[in-house]
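Below: one structure in structure tokens.
To keep things simple, chains are lettered A, B and C as they appear, and every chain counts its residues starting from 1.
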Amino acid sequence: MAAPPLKHIVEAALLAAGGPLSLDHLQTLFDQNNVPDKAGLRAALAELDKEYEGRGIELKALASGYQIQVRTELAPWLSRLWEEKPQRYSRALLETLAIIAYRQPVTRGEIEEIRGVSVNTNIMRTLQERGWVRSVGHRDVPGRPAMYGTTRQFLDYFNLASLDELPSLLELRDLDDIHPELDLKFPEEADASAATPDAEPRDE
Amino acid sequence: MTDTADSDGLLEEQPGAVPSARVRGEPVQELPRDLYIPPDALEVFLEAFEGPLDLLLYLIRKQNLNILDVPIAAITRQYMEYVDLMKELRLELAAEYLVMAAVLAEIKSRTLLPRPPAQEDEEEDPRAELVRRLQEYERYKVAGEELDALPRQGRDFFPAAAEAPDVEPQRREPEVDMRELLAALADVMTRAEMFTHHHVQKEALSVRERMTETLARLDAEHFTGFAELLNAEEGRAGVVVSFLALLELIKAAMVEVVQSEPLAPIHIRARG
Amino acid sequence: MAAPPLKHIVEAALLAAGGPLSLDHLQTLFDQNNVPDKAGLRAALAELDKEYEGRGIELKALASGYQIQVRTELAPWLSRLWEEKPQRYSRALLETLAIIAYRQPVTRGEIEEIRGVSVNTNIMRTLQERGWVRSVGHRDVPGRPAMYGTTRQFLDYFNLASLDELPSLLELRDLDDIHPELDLKFPEEADASAATPDAEPRDE
């Protein structure tokens, strides 16, 4: 097999290494009898540099060697690449959201009464930041506590045209009955399907 | 390995042509006959078998035999010689090898027994099960070799990566399923009801009483799932009493608790 | 600033990720109002694929998405990039992995049954730590043993897009088959197969 062009070897090495490679280091990749001289390597690098013009990547000469980098202009598209794994909402938050959805307009005090525990301020803030819950007025009692309700975004997110489409409390009874069964699920199973996308069918 | 049906296997059977070999540094003067193994490779081979099926497969292949036509008597003899050799060399012999020795002996005795002519058609060849297992094992043995030969990341192919500009990773909002929301609501409703009833009807739920009831639900033959013993309809107080009762039973060694691994479901049965 | 061509964004994202990206994942990189459809992404990927022809890199579709890779032909130059020799895996590990790959979901007991020996705990741990194997649930029998299956990372690692691409297994044959089979053959064939009885229907 004929040896591939020098610039292809250099490009492949830079991309496989993922970090900067010096000319000396690049030379060590070749058979002793076929080591390109530095001028040859520089020429290959110059060719690559030219090829990358107008593309999303560029060749940079750094202190420790040459490196292929993604151009800064493309940063906006990369910012979502390393999104942190989404956290899961706490049980307390989901309960609070459910009470607001079914009992709106409802004050924090009323939520606390139903849940039997106090409602964390963070929960109310998270729900409002997410755009699912908003203050819809004040109850006309001493202290004038804020009343909360759900938003249009809440309905959109859950694919509901209106609040009427929320499952009725009667259906909830059934759910309550089957709930002990749901709890019998094995933690790994539940985790596995939630955490690893492997379980899903591929889109290709 | 599978295709090493080399013809020289039979040549090494010649008595006297067996030079001494070294096993773990110790010279081995006498090798059992009929071992179709290059003696200098003895050490390697003895440790290279992946179990009795692998050894049997090796013996069969080494003699150019077809799995489907295993001469059970010959193979059994060789297998036993191997097992004896391994014992003699004090190589750690897994129990599986001895189990297989028993299986072979059983098949051999069945092939020797005359069968009543009437049943001849119905009775299966006594080797059938062994042949099935051998074939089954061989498929995966070969599949493992083929897997090893597949191109591998970092050895045969390399993902291409370029340095990315500094970017702030974005936070993704958690996903919520409608069912999760409903489950949360159901929970809170149950709890709310429990709180309201709690003061009205104070049920006397003694732990002792519950211990008796729990024991009555268990038997010594079958395991019962831990969760089945806790009845959610009784509300929190009921669940707590059941749980305390269970703890008392465990402490008193009246029940046996099994969990196959951490986080796996817990199973309970009465001690016989 | 005008948005860069789609193929440059895709190329930059794939190179910045350094691992496979699915079409779904690529779509999440864009602003909600500017998400390209999958056909558009596929077209961009096809363009890239064409550009890479005759070069040192290529575009591959793996189980968990698309990946830019250095071509296998260039591996000899790259093996010197890393001091460490690629790891070798024991036969026991490879056989166990093969059984899980072909028979999934499968319990440890079933693996042991096929191999005729007990499966070392280290092997199962190694396979799981490498992310190639995971527990996919529990068999509904006493003791509820874990069932194992392979992951997308497993396929990625072996450069496969799906389990279908694994080499096919040897065929099982019935004991009763031997004689009729021989009878059907021409004498030369019968001779040939007698000489190499293990020439089973494998294409190597």
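Note that in this section a contact is a pair of C-beta atoms (placed from the backbone, for glycine too) under 8 Å apart; a residue touches a chain by one contact, two chains touch by 3 or more.
No experiment lies behind these values; they were computed from the predicted model shown.
Asker: Among the chains here, which has the CA centroid at the largest distance from chain A's centroid?
Answerer: With centres defined by C-alpha atoms, farthest from chain A sits B.
Asker: State which chain is most central when centres are taken as means of Cα atoms.
Answerer: Answer for the innermost chain: C.
Asker: Take the average of all CA coordinates in chain A, do the same for chain C, and state the distance between these two points in whole angstrom.
Answerer: 26
Asker: In whole angstrom, what separates the CA-based centres of chain A and chain B?
Answerer: 38
Asker: Can you pull out the residues of chain C that are in contact with at least two other chains?
Answerer: Counting only residues that touch two or more other chains, chain C contributes 12, 15-18, 57, 68, 70-71, 78, 138, 144, 146.
Asker: Which parts of chain B, given as residue numbers and ranges, touch two or more other chains?
Answerer: Residues 158-164, 264-265.
Asker: Spell out the residues on chain B that touch chain C in their complex, using ranges where they run on.
Answerer: Checking each residue of chain B against chain C gives 2-3, 5, 48, 50-54, 61, 64-66, 68-69, 94, 96, 100, 125, 127-128, 131-133, 135-148, 150-164, 223, 258, 260-261, 264-265, 267.
Asker: Hey, which residues of chain A end up touching chain C in the complex?
Answerer: Per the touch definition, chain A meets chain C at residues 1, 4, 8-9, 11-13, 15-18, 28-30, 55-57, 68, 70-71, 73-74, 77-78, 80-81, 83, 186, 188-189, 192, 196-199, 202-204.
Asker: Can you name the residues of chain C that touch chain B in the complex?
Answerer: These residues of chain C touch chain B: 12, 14-20, 57, 60, 67-72, 75, 78-79, 82, 86, 89, 91-92, 94-99, 101-102, 114-118, 138, 142-146, 156-160, 166-167, 169-170, 172-175, 177-178, 195-198, 202.
Asker: Would you mind writing out the residues of chain B in touch with chain A in their complex?
Answerer: 158-176, 178, 180-192, 195, 225, 227, 232, 263-265
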